[in-house]
Structure formats: C-alpha cells, structure tokens
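Alright, structures below, take your time with them.
Two complexes, one shared chain (chain A), two partners (chain B, chain C).
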Partner chain A sequence: MNLKKLRDMIYTCLAYLSLLLLIIPLCWILFECIIEGGHYIINRPIEFFTDIGRPPGIEGGGIGHAIQGSLYMLGLALLIGIPVGIFAGIYLAERKDSPLAKAARFVSDILVEFPTILVGVVTYTFLASKVTGILATGPAAFAASFALALIMIPIVARSVETAFLTIPNDIREGAYALGLSSRHVIFRILLPAVKTGVVTAVLIGLAKIVGESAPIIVTNGISNFWFSKWTEPAPSIPVLIYVYGLSPFKEWQTQAWAAALFLLLLIMAIGFLARRITKKLWTGV
Partner chain B sequence: MVAIRKSIFIFLGSFALFLALILPFYFFGELYGASEFFSKFSFLDFISGREWSLPEQKYGALQAIYGTIITAGLALLITTPISIAAAVAMSELLPEYLSERLGMIIDMIAAIPSVVVGLWGILSLGPFLSSTLYKFLIENLGFLPIFQAKTLLAYNKLTAALVLGYMITPFAVSVIKENLRLVPIEIKEAAYALGLTKWEVIRIMLSYIKPGIFAALMLALGRAIAEAVAVSMVIGNTCSFSVSLLEPACTLTTLIINNFAEATGTEAAALIGLGLVLFVISISTILVSRLVYNKLLGGYMR
Partner chain C sequence: MMENVAVSVKDLHVSIDKKEILKGISIDFPKCAVTAIIGPSGSGKTMLLRSINRLIELIPRVEVSGKVWVNIGGKFHDAYTLDSSYLRRKVGYVFQKPNPFPHLSILKNITIGPMLNGIAKNKKDLKKLAEEKLKEAGLWDEVKDRLNEAAWRLSGGQQQRLCIARALALEPEIILFDEPTTGLDLYNTKRIEELMVRLKEKYTVIAITHSVDQAGRIADFIAFIYNGKLIEFGPAATVLKSPINELTELFITGKVLDGVKV
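Let's look at the complex of A and B:
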C-alpha cells in the first residue's frame, strides 16, 4: 500500500515538473525580450518606433520602416480577407447542410493546419514569379498580402460560422415569418445580433497573421528600406526579427529582441481585446 | 422575392466555393510551379536523390526528407510525455481557478510567433545548451553514434527538435485536456469505488481517451513538419545524412525558406517540388488526425 502511495507521489511530481518545463521557456523568452529589448526601447523611445534601421556597426536606429511595412501588408490582407471570410462564414452557418458548405468546412479545417510556407510558395508562383506569375513582378509586398489573406480566410470563416450558429433558430423563423427577404434577414437581423462575434473572428484571424514570417519571406523577400511600392519588397516586423536575429551584429540582435517584445505585446493586446469582446457577448458587461 | 432570396445565397455561396477551392488551388499551384522541373528530371530520381547541390545541378530530396522526419519525430517524442502529463496535472490535480490561469498561460505560449521562438533558440537556448548539455553529452556519451560530433555546435538537430517540441506542446495540451474533460463521470466513480488510487484512475481515463490523444499528437506532428522559420534559425542548415543529433541538417521547409527568394529557373522549380513533397506529407498527417477526430465527434465526444 505504501509503495502505491510512493508511486502516486512520484507521478504527481512528474506531472508538475512537466508544467514547469512548459512555463520556464516562456518566462525565459519574456525575460530576454524585456531585459534586452525593453532596455533599448526605453533608451530610444521615439527613434525606435519612427526611425529606419542602421547599417551594421552603427549605433541606433529603429523599426519604423518595419512597422509601416507591416501596416501596409496587414491592411491589404485584412481588406481582402475580412469580406471573403465573413461571407463564406455566413454561408457555412446559414446553409449548413448543403454539400458546398460541408466541402468548404472540411477544406477549412485542413487549411487551418496547412503549412503557411506553402501558401507563400503558391501565391508567389501564381502572382509574382517572373516565369509563371500573372503579374510577373518578382518578390513583392502585394503577394505577401495575398498570402496572408489566404491564411486568414478559413480561420475567419469558421469563427464567423460559430458566431452565427449561436443565434437561436426562433429569430430566423420570426424574421422570415414577417416576410423579410433573406438579404434583410442576414444583413439587418442576424449580422447585427452577432456583431461582436464577427469582430472577435476578425481579431482571431489578425492575431494569426500578425506574427507570420514564412509566407512573407517566400513571397516578398527581405528588405530593410521604407515601403515604396506594392510591386517591390517591403519590410515587416517578423521578417526584421528574422534577419536581425540571424545577423552576427550585437546592435541588430538587441533590436531584434526589442521588435520581438513589441510584436508580443501587440499579439497579447489583440488576444486581450478578443477575450474582452467575447466576455461582453456572453455576460453583457 | 424568390429571386432575391436565391441571389443572396448565390452571392454568399460563391465565397464559400472560393474557400472550398483554396486547397485544390494550392495543389494545382504546386504541380504547376514544379512542372518545369519535372519535365527535365524524373520524380523518382528527385525523391530518391541523395544530394542537393546547386553547382552540380543535383536536386535530390532525400536529405531534406530525412531532416524533416528526424526533427519532427524527435519533437513528437519530446512532446508526448510532457503534453499528457501537463494536461493531466491541469485537469485532474490542480484546483479549478489555478488550472484556468494556467490555461491562459498555455494559450499565450501557443500565440508566440514562430520567429520569436526562433530568436530565443538562436540567441539564448542554443548557446546555453552547447555550453552545458551538449558538452556533457559529447564528453560522456560521445561513444553513442547519436551523440557524436566533430565540433561542438549550438545549432543542430537536437536544438531544432527542442524548439519544435516547445512550439507544438501547448496545442497538444489543450486538445488532450479537452478530451479528459469528456470522460464520463461514471467511469471515474466506478474506478474510485474499486479502491483504486488517483493515478490508477488517471491511467484508466487516459486509456479511455486514447484515440483523442492520438489525434492531438498527429495534429502536433503536422505542425512540427510544417514549421519553417524557427527551425531554419536553429538547425544549422547543412544538408547531411549524419545519424548524430548534434550535427546540423536541413529540412524540406528550411531549404525552401533559405533559397526561395533568390532562386530562379530550375532551382526555383525544384524548391517548389520540395513543396509538393511537403504538401503530401502534411496533408496526410492532417487527414489522418482529422478522420480520427471526426470519428470521436460521433463517439465519446458527442
């Protein structure tokens, strides 16, 4: 009997140990970001957010160009991804038993797990590649936006679908019984009812693409200048972290930590906002 | 009236159709991009070619496939015990409020962008491990082929597997936790009534959700195979067939991400060919886990 108790205790310790193994690296990452990166940001608070990167060996510089590039890229990606994702999501919920909805649901469940680097490869092949692409621009910012939009669409669609499915059927029946057209029912009755759910869906999609770097590197390449044209490579925060982190220069590595801190805070803020809105949806406060 | 009612669903349906066509579009894009390469080289030579060398015009995928299998497999080996134990600790051992807080922390780990994990791997974890663990392994266990290394390198297969394992664990934890929550209370009560200890009951619960654990780990494996940026930062990026875990390697994704932006002509097409291999591997893992999971949705998860 005592042996059994001992074994139970050992297992319990191992279980807690595994939790520790998960939490320690997180603390380590946050610690490095705050100590290395936070220090840099505090020393040059304005320069860091507004200035362009310096060549290696020269002190100072910031990630202003990467923030600007990311804003452009994410902006276009949202412009494409939000409407497509929302409309597809509404269809999935309102025609949930149709073969098309079933197929789209199956595909989007796979796409959520799909390697994002391949999304970049395919987008580049069809749009930007000088040999096979339609626009034949070579690596370009707009291709990165398209890839990000494609990554975002299935996530937004599934979340919007979930939001629409929470609406009781009575409301649909009531609205149709009044003789309203489907267009009115969907856009005037149902969509306003789950507005917060739709906003959350968009935020979830945004949180997914804001830190993506692989599809951007593949479609847009690497740039360390200000955003100039949609058909040229543009900088972005994740790719800047990638380039600066791989470089052997201490100043660049410090700035990579600072950019990582900024990116983490951004993602946490989006997540916090999404949770806040969802809470409001359920409790009304 | 009927016309309007129909037209709105045709409008919405066209977007759903677009969504459903994305996956075939990806597959077609891979085929289309790689077609130029496969018109010159045979697929069999490509998949069984042992060498990837640009100057010699040799495009063999085997080294990259080997690297992917070793790193992703090792990551899965690391994540399996940790994710199961962590899920059990959270759902069975800790009080509700603590496990809720912990759940938020685990979600936070899952939300860290892969490039930030890669940054940590290259600047913190790699140097730390090479001066402690790797030194110890080479000095004391160097007689084992898997721990042999000519020089002490911070960036190798083991570092890549550790980073990957850390990235996929939170996801596996939350799925397994969700499964544990669905074990019928009757089973737990019956087990306790037999006088079993807590861990004997937990073992019964784990065997009850075995298919769920399998699906969760397969999904995690798929993510490990698909990961590109973090791996490319810590794996050392030298293709080889070395058995040693402490030597660098390359994977399907790292070859693509390191070379695609500058590649032209045959090389670019060959890289897309690697993408095709990656497509097939990851789609099959995703499909297997999805099939198991969907079966569960009709079973105990109903």
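Let's look at the complex of A and C:
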C-alpha cells in the first residue's frame, strides 16, 4: 500500500470517528430516556399527556399541565418573536449600512451570546417585578413568554438577515427595475424567494426556546397547577423536568425521564419538520 | 427639445464615494432607433445607462448632478423629479446577466410587474399580456407548454429573452440594455441582436455593448465613452468608418487606450 492510500484511509477513519462522537451522545441520551422513562409513557399514555402531576408518594399522574403551559408560553413567545425577528432581519439585510442597522446588529450579536438566565432576570426586573416592574405582577407566564421571545428574536433576525443576503443583488435590482416599490420588492419578490430560509430561521428560534428552563424559572417561577392566567405562574415541560428530576421521589424522577424523552422527540420532530417543509416549499414554486 | 429625441442627457456628473465616474456628459438619444454605447471597461457606460432610469440610486453614497430628460408619451419629463416607479416602468432595463426571479414561474416572472404596478389585475388579462410579450420577445414557442415551470429551468439565452419580455410587459417606451449578450452562445447572441433591432420599431433602444462588431450589426447610432466623458457620438457608419476623434479610432481598431488622458 502506498503512502497516499494510507493517508486517505486514516483521514476517512478520522471522519467516521468524529461522526460517531457526534452521534453517540445523542443516542446515549435518547437511550437513557427510553430506559428510564419510556415505560411510563407506554403504560399510561393517556394519563401521561393529559393528566396533572400527583403529590409525591401517590402513583400516577402526568405532564398535561406542563404541556398546556408550554403551549401557552411558546405561543405568545412566537407571536411576538416571529414578526419582530423577521422584520428586524429584513431591516438588517436591506438597510445594512444605516446606523440603526449597525446598532441592531451589534445588540443582537450580544443578545445571542447572552446567558438566557440573564435575559430572564432583565425581563423580570423590567416587566413583572413587584418592586421595579412596569406591570408589577410578580412571577407570571407572560413575562416568561417575553423572555423567550427576547431570546428568539436575535436568532431569527440574524438567520433571516443571512437568508436575505444570499439573494443575488441582480435579483433585487431586477425587481427595482420593474418600478416596484421597496415594500413590493421586499415582501412580494425577496421574501418569497427566501421563504425556506425564513421558515428555517423560525424553527431554529423555536428549537432554541422550546427547551429553555432557566429564564422561565426566573420570570415565571415554578407551578404545578394548570395554566390559569397570564399574570400568574404557569407550568412548563423544561421546568417540570428540572423540578421532578431533582426531587428525591422515584415516581417524579421517572416522570422527569419520560418528559425529557417527550421533549427530545419534540425537538427532533421540529428539526424533521423543518427539513420537510423546506423541501416542499422549494419544489412548490 | 426635438421630438425625435427619446432621452436627453445634459451635463451629467456622477460620483460614487466622492470619486467622479461621469464627468459632464451631454447626449441626445434618438427615438425609435438603436443607439450603442461603446467604450472600455470602467469608462462609465453602465453608470450612464443606470442614471437614465435612476437605478443608479440603489448604489450607496452616489451623487448625481445634471439633467436627464426623458420623452414619455411625446412630453419631456425631468427623470429626477418624476416618480421613480413610473420612470422605471417607462424606461425598462435588461441586465448583463439574465436575472429572472428564480422562485417564480415563467408566467409569473412576466405578470408580477404589471400585477403589482396595477397595470392589469385579472388573471385572464395578465395571461394574455404575458403571451403577447413572450411572442414579442421571441420566446413564446419555446415556453408555451411550460409556463408554470420555474424560470431558472430555462437556458441562459431563454432567461435573457424572458427578462426582455418582463420589461416589455410594463409597456415601456425606452429600453436600456446593459451588455445583454454577455456569456451567451452565438446562436442566442444573434437572436437577441435581431430582437433589439426589431424592437426599435416600437421602442427606443439604448444598448451597451462590449464588442464593436456587435455595435456595427445592431446600431443606428454609436456613442463612444471613455474615462467618464463622451468622446464621439454619431451615426453608426460614420463613427465606425471615419471617426473624427483619434481615441475612437484607437478603440475601434482594438488598440490599447490605457493611460491616455482626456
């Protein structure tokens, strides 16, 4: 065997090894969740997804309240985060030299790297704190949504910006050459041209916030009840995993594993959906 | 101003980032004729063309002074006080590289301009308009069975004719071409040249061309631009056969012009 072939083989092996290192942790976590919590979902599927948690020592119960709470929180977060993120991203791309865009880009770069727990603290202090907050509600679900939206916006904005910057400039010029207004050029020509990128941007943002627990704990506190009001604490899946997982009770720990399995599958499903939608949108031109 | 003039440029200065690109150009482009703009790269041909329909305003830090008068519907308008949207509809632009909207269908590429500009609203009118313009651009027979296919599936030459049809769909009176045959094969080049010549029956054609031969084939008038200045302008035959200026002669015979000061 000559040296070239040998080197080729070594590099190929290294590539496979890195791939393995990438896949092993994911498989290991998934495996662990299935072993520890899978049986709970299989044995009590309806109860697990629809029922509220039980006190320690009493068997049964589910994470229905946390799913409901998460849906509310994420729903409001998306309602704020998607339009703001997309508009900000478009502004960053289409007015890239304006002072406002430069400032916004700087701020969003910091926000992306910002510890999410601090986003929670800031949101809580400004909005919900009974002492300093504008709305002075104390820990509340809406504050968690705002924090999640704040975490999501810079990610969506920068991804949308990147998507817009991939559009060749001659497409933009071609649209202006038809006498179209900026509004038409951006929303009728450019946005549809990168709709796949925009959908991906939103899904990346969603994947980021769906598993966040720290900012929720800081802004919303911990709740083991059904969602009732925006101005009161609500339960959520990541926080439930945190609380149940750290508890000394066997039943809670099992349910924490089961909830983790559900969350993991959910995030994988979002990723899968992103790929499917992206494909479909592109061939659907 | 004379009525057989389509575009009248008066003392046009353009600078980008304080660097002067066009240094006082005055020229009258004749109506319903093909005028070719020739000159070496970097001489300001594209800037001159883009200042006619104000596409130049998309360039950051650009400064334009002087006057551009465009003859629309028999009346002269100051291009820079006219609504830029209306100006660009009446003065179409075809780019060097074909730039159809890749995510839109062949049909939609043509109808989106008239639709968004409110020229035609209902689907039937739009489709009729598209057919008419595709025929005018000599593309209809090739695409009539695949109007709903994505535009990027067309070949380069077809894409360029689609872009011409797209400009025609806005019912312009003047069409600007920026080296429209760059990168196309001989067959497609010939077809687009023939199209430009045919278009002058209804429209005024102003075309930048990189080749003196092409200018000879299509142009009624030739303008030679060098270093941001108009060096020579006149009937094609005169400019090509007996140019007045020495620089023009050097250029059309393929001599090096670098470093020649004007």
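Definition applied: the second predicted complex is superposed on the first by the 246 of 285 C-alpha atoms of A that agree within 3 Å, B and C clash if a C-alpha of one lies under 4 Å from a C-alpha of the other, contacts with A are read in each partner's own complex, and residues count from 1 in each chain.
In this section, contacts are C-beta pairs under 8 Å (C-beta built on N, C-alpha and C of every residue); 3 or more make two chains touch, one makes a residue touch a chain.
Only a predicted model underlies this, so the values are computations on that prediction, with no experimental measurement involved.
In the three-chain model built by superposing on chain A, chain B and chain C fit together without any clash.
When the two structures are aligned on the shared chain, A:Ile277 is found in touch with neither chain B nor chain C.
Touch criterion met: A:Ala103 reaches chain B, while chain C stays clear of it. Put chain B and chain C next to each other and count what each touches on chain A; the higher total goes to B. Residue contacts after overlaying the shared chain place A:Pro192 against chain C, while chain B stays out of touching range.
Looking at the shared chain after the overlay, A:Glu173 reaches chain C, while chain B stays out of its contact range.
Look at A:Ile34: by the touch rule set out above, it reaches neither chain B nor chain C. In the superposed pair of complexes, A:Leu135 makes contact with neither chain B nor chain C. Contact with both chain B and chain C is seen for A:Ser181 once the two complexes are overlaid on the shared chain.
In the superposition on chain A, A:Ile80 makes contact with neither chain B nor chain C. Remark: least CA distance from chain B to chain C after fitting both complexes onto chain A is 6 Å. Shared interface residues of chain A (contacting chain B in one complex, chain C in the other): 181. Listing the residues of chain C that touch chain A in their complex gives 53, 55, 58, 60, 84-89, 92-93, 95, 97, 99-105, 112-113, 116-117, 150, 163, 166-167, 170. Taken together, the chain A residues at the contact with chain C in this complex read 97, 168, 170-181, 184, 188-189, 192-193, 195, 285. Put simply, chain B touches chain A in their complex at residues 1, 4-5, 7-9, 11-13, 15-20, 22-23, 25-26, 29-30, 32-33, 36, 81-83, 85-86, 88-90, 93, 102, 105-109, 111-120, 122-125, 166, 169-170, 173, 197-199, 202, 219, 222-223, 225-226, 228-229, 233, 253, 256-257, 260-262, 264-265, 268, 271-272, 275, 278-279, 282-283, 286-287, 290. On the chain A side of its complex with chain B, the touching residues are 4-5, 7-8, 11-12, 14-19, 21-23, 25-26, 28-29, 32-33, 83-84, 87-88, 90-92, 94-95, 98, 100-101, 103-104, 107-111, 113-119, 121-126, 129-132, 139, 150, 153-154, 157, 181-183, 186, 207, 210-214, 217-218, 221-222, 238-239, 241-242, 245-246, 253, 256-257, 260, 263-264, 267-268, 271.
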